[in-house]
C-alpha cells in the first residue's frame, strides 16, 4: 500500500511480503526487512527488528493510521486519500488549517503568484502564531478566509493552482 | 432490573425512574436517590450524590456488569443469570471453582448429607488454599472432580440436591 | 497557622490544576475546580470536590474572567484561591479582587506582584538592591528601539513587559527585521497578557538560564530552595529543566541565592516565587521575577523532599517558612508538548487514542491526560511533565531516558521522542547548556530511520487489524455520545448480552 | 567497581521484574526477561531488551526452573542474574548454579543464604551474636509440637522453616487444632518452597513487626538504612508498610540497627537483606533474615533518596557501600492485591477492563498491570504497590488516601477500597499498630453503603450504555485475537474505512 506521513508529502510504498508465525517480512520502497511482532495484553505489541525491540501501538481513525514506536508517534494516511488534495505540478492544491484557530493575517490575494516557502497566511492557535507557506511555486486561485475568522481543523484556507510557467513537470514536493 | 453482587446472594431490585439532563433518579429497593452524572473523556464519569462526587467507570462483559466507584470495584450479575444456578431449597445447586486451580482435597462423597458452611472441597490457586463450603444444607448429588485435578474458572466441582428433610421451604441463602 | 483554610478554588486548568488539587487534599482541604466549556470532561474537573463552568472555551471569557472566578469562589464558600501559573496568576488585579472578596490569594500581595510582575519596575528594584541586570529598555516605539539597538548592537531580544514564559519573545538579528518583530510581539503580548507593552534587551551570546526558587512568609522570613537550570528552550520556552545546575560553582550559587534573597526582601515578597537570571561565564544578570509557581517546580521538590504547593498553602494559612533541609541528588524535568518538532514545533491537536504512562522508582508524571482526552487549540499545548530523580545527574538522566522510552501517546503529535533524543545525547550528557542548545545541536532533528521503519511496519499491521478501528471515538467532547443515550433501553440489557 | 556488568537476566515476573529492569537500564545494562507461557504478554517481557519463554504456567516448571533460567542467561550472554523476591530468590542452590555458570548472582553468597534462609540456622546465628529471639522449635512431629506448646502455652505459631512471606503460617489457638494445622502447613511449605520443614514459635500477644534494611559489600562493609514497620498484615502477609516506624524511640531504633548489623556481620552478609524483628513494649525479638530485596523496599528508598536495586547492582559489580545520608520525611506503601476483602481475602482473577493510575508529587506506583492484562491464578495476586512520601507521616498518609482515591481497576476484584479505609481510619492515623491490627479493627469490613448505592447507579448506567460492551475482549491470552489475523486483508483497508 502507499502511505504518506502527515506533514510529509513523500509517498512511502510499503507492503507485507510474507508472514510466518510471529515473523513478518515487509518491503519498504526497494528495501526489505524482517521483523518479529509479539502482541501485548494492552492491545499493542513489541516489534523486534535488527536487534532492537520497540513497543508499538496502532489505531485507525477516519483516514489516518496512528502508530507509536516507543515515545515517537506517527500519523500516516493512505496516499490515495492524500492525493485527492493534490494537483499536477503542485505539492498541494490547498492550504488547510493544521489545527483549529483564528486567521490573523492573509498575506496574498486571488491571482498572486507565489514561490515555494512564501508565507501565505498566519493563524493563531494554542497561543502561538503559525505561518503557513506555499509548498511549491503556485498561483493563488482563491482565498477562502478573511482575517479574524475562526477556522476548524482541516478547513481549506487558500486554493492554489499550478503556476503559469509550470508545463506539467512534477516539481519535487518539499517538506515545510 | 434485578441485580446481584458477585459473592452475595441477596437480590438488589433497582431501576431508573427518571432522568433530566445530567440528573438521574433511581430506585434501589424501596429507597429513591437522585444523582448527577457527568461523563469524563476517558469513558467513565463523575457521579455526584448526597454532596459527594465519585469517579465511576463501567463495562459489561459476558453476563457481568463491572463498575468501579473510586477505588472500590464491583461485579454485578442480573439476577436471572444468577438464578439459573439455583434450585429450590438450595443456595446453589453447584459448587464451582471461583478461579482456576488445583483440587487439593475432596472432603465429601456422592450421597453425603452436608450442613450449611461444611467444607466440601479444598482447591489451591495463587499459592493459597481455599476451602469451598456448602452455602446451605444439601445432599451431595455428584462429585465431579478428584484430588490432584486442575480445574478452570467456573468448572463445576460438586453437584448438590436439596436435603431429603427439605420440604420445599426456601432456606435463606447465606454469604460464604 | 494563623488561619485554617477549608476550601480552595483552583483558578486554572490542565496538569497544574490537577497537581494543586492533589496537594490541597493532603491537608484535607476541599477543592473547587473551574472549567471552560472546552474542558468539561477534563481531569481537573473530575478530581475536585466541586466544579463549576465559568465560561466558553476562549480563555478571555473563562480562565481569564476575574469576575466569574471570584463569584464562583463566593458561591461555593471557598476561603482561598490558587491561581496556578499562566492565566491570571500574575495579574495584580486578580489578587486584589480576591482580597476584596475576603478570600485568601495563594501568592504574593497585589502590590508586590504589580511591582515585580512588570519587568521594568522589577529591574528598578533589582538595580536598587545591587543585583546586576542585562542592558534593556521598555518601548514599543520603533525609533527608540532603533536607538537602543544601535547602542548595544544586534542581535537584540524583544519581549512582553508583562507576563512571562517566553510568549511573544523574538530575537532580532538585524535592523531590517525590527519593525515587523515589534508589531508581532506587541500583538502577541496583547493577546496573551492583555498588555501590549514591550521590553527590549541586549541579547547575550551563550547565556544559561538559571533561576532561584524563593519562599517568603508573612512574618518577614524569606528562604531559597536552590537553583534550576532551564537553559534548554525552543521558541524561547523551556522544555528541559534540572536541579542542580551542572557545573555551577558553589560560589556562584551562593551569590545568586544571595541576590535572589536581597531582591525578595527588597520587594517584600511572600509565598512562592522565582528569580530568573542569565548566566554567562562568571557573570549573572537578573532577568525577572515570576511571582507564582513555575511549571518546572517539581525538580526542586524532588531534591528538597518537599511539596511547594503544600508550602504555598502553609504560607497562605499564616505559617512560617523554615530554612530547607540540605538538597539531595539530582532531578531533571522535560515538558511533553502537543507540537511537531520535525516541523518547527508547530502546535498539534487531536484526541488521545492511547496513553502509556511511565512509572517506578524516581519517576513522576504530572499530567491531566487520559485516553479519550481532547487536546484543543484553545490553550497551551503542555500535555504533561515527566520528572526523574537520581542519586546524581547521570542516574537521573538514565532514568528519564528510560521513562521516555516507556511513554507513548497515540493521536496527538508530540515531542516525546525529540526530548528522549536530546536527553540521551552526548551534548546533554556533557551539559553543554546554553539557551542556544537547541539551535546549536537539535534544530534539524528528525526521528531516526529505524524508528520510521518500525512505524511503517506498525502501520501495515494496524491497517490490517480489524480491532484497530477507532472511528467510533468521538470527534470532540460536544459530539461525544453520552451513556445517557442508552439509558432508556436498559431493560433491554438481557437481550443484548 | 571491580567488574563492569553488561547484561542482567531478571529471574522473576510481575511488578518486581519490571522494577528491576527499570533500574538496570539506568546504568545502561541490557536486560533479559524470562517468562512462563501464562505471562507472554506481560509488561516485564515487553520492557526488557530480550525475552525468552522458559516454561509453562506452573512456577515449578518455569520461574522455579533453575536449569532453564541459567541456560537462558548463558544463551543471551547475561553476566548477572537478579532473582527479585519470592520464587528462587532465597534458594542457595540457585545462587550456586548461577555462580557455577560464571554469572554474578545479585544477592548474598550461597552459603550465607543457606545459613540465614533456614530459620533454625538463622536463629542459631542470632543467639550466638547476642540477639534476642522468640522461643521456638523446628519440628513437624506432632508429639514434639505438643510438648513445646505445653511448655510455652497456646496460642502458638506454625510456619515453614524455609522461605518467608507468611505463606503456610498458621496460628494454633488450642491443642485440638494442632495436628490439622501441622499437616496443612507442611503441605503448603512443600508446595511453595519445595521444603516441608516446619518451625513452631511462641505466639506474641500484640507484637509489631519492624525490620531493618541492610546493605553489605564484598569489602566487609555493612550499613543499615533505617527501619520499616510492617505490622499491618492479613493472613500473616503484609499489606501496609511504612518508614519510619511510628513512635519507635531513637534508643530502640539504635538497638535494633545494632542487632541487625551484628547479625549481618556474623553471617558475612553481602548485598541487600532485611532483618525482621517482633517488637513488644520495650523488647524486640529476632524473627528471620530475608536474604533478598523485600516487597516493601520502596518506603526505604523514598526516605533515603536511593534506589536499592541500583545499590544491589553496584554491590554486585564490586562497589562499596557508604553510610547512607540522613533519611527524610515519611513513606507509606500499600499492596493492591487481587483478592476480596469482603470474603475472607479469597484470591481473585480476571481481565483488567480499565485501569486508572494515580500520579503527581510524592506518589509512586510500581505495577506491571495495563488495560487488557490477565490476572491468572498461577502466581501471587500482587497487582501493584502504591507508595507515598510526605514531609511527615500525616502528609504521607493524606497523600496515600488521595492516591487510592484516584486509583481504579475494573474487572479484577481487589483490596484498594479496603486499603483506603484502613489508611484513612483513626486507628491507623493514631498508629495503633500491631500484627493484630486487622483482626482488631478491620476484620468484618464491608464497603460503605453510599459507595454501594453509587455502584448500583453506575451499574444501571452501564447496563444501558451500548459502548460499555467489552464482550469482544479476549478471555485469556491464548484466545486473544492477534493483529496477525487481519494481516492478509490489509489491502482491503481502503474499503473498510
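Details
First chain written, first letter: the chains are A, B, C and D, and each begins at residue 1.
Methods note: contacts are C-beta pairs under 8 Å (C-beta built on N, C-alpha and C of every residue); 3 or more make two chains touch, one makes a residue touch a chain.
The structure presented is a predicted model; accordingly, all values stated were derived computationally and were not measured.
Of the two chain pairs shown, A-C and B-C, the one joined by more C-beta contacts is A-C. Distances between chain centres, each the mean of the C-alpha atoms, put B farthest from chain C. Mean C-alpha positions place chain B and chain D at a centre distance of 30 Å. With centres set at the average Cα position, the gap from chain C to chain D is 38 Å. As a whole-number value, the distance joining the C-alpha centres of chain B and chain C reads 49 Å.
For chain D, residues that reach two or more other chains under the stated contact definition are 356, 370, 406, 460-465, 467-469, 471, 483-484, 487, 490, 493, 497. Touching of two or more other chains is recorded for residues 1, 16, 24, 37, 42-43, 45, 55, 58, 60, 62 of chain B. Taken in their complex, chain D has these residues touching chain C: 18-19, 22-23, 25-28, 47, 298, 301, 305-307, 309-310, 325, 328-329, 356-357, 359-367, 370, 389-391, 395, 398-399, 402, 406, 460-469, 471-472, 481, 483-490, 493, 496-497. Residue ranges on chain C touching chain A, taken from their complex, read 167, 184, 187-188, 191-192, 235, 338, 340, 342-344, 346-349, 351, 353-354, 356, 376-381, 404-414, 416-417, 419-420, 447, 450-465, 467-471, 473. Of all residues in chain B, those touching chain D in their complex are 1, 3, 6-7, 12, 14-16, 24, 26, 28, 33, 35, 37, 42-45, 47, 49-50, 52, 54-62, 65-76, 98-101, 104, 124-130, 153, 175-176. Chain contact summary for the complex, chain D toward chain A: residues 40-43, 45-46, 48-50, 352, 370-374, 477, 480, 482-484, 487, 490-491, 493-494, 497. Chain B meets chain C in the complex at residues 1, 16, 19, 22, 24, 37-43, 45-46, 53, 55, 58, 60, 62-63, 78, 80.
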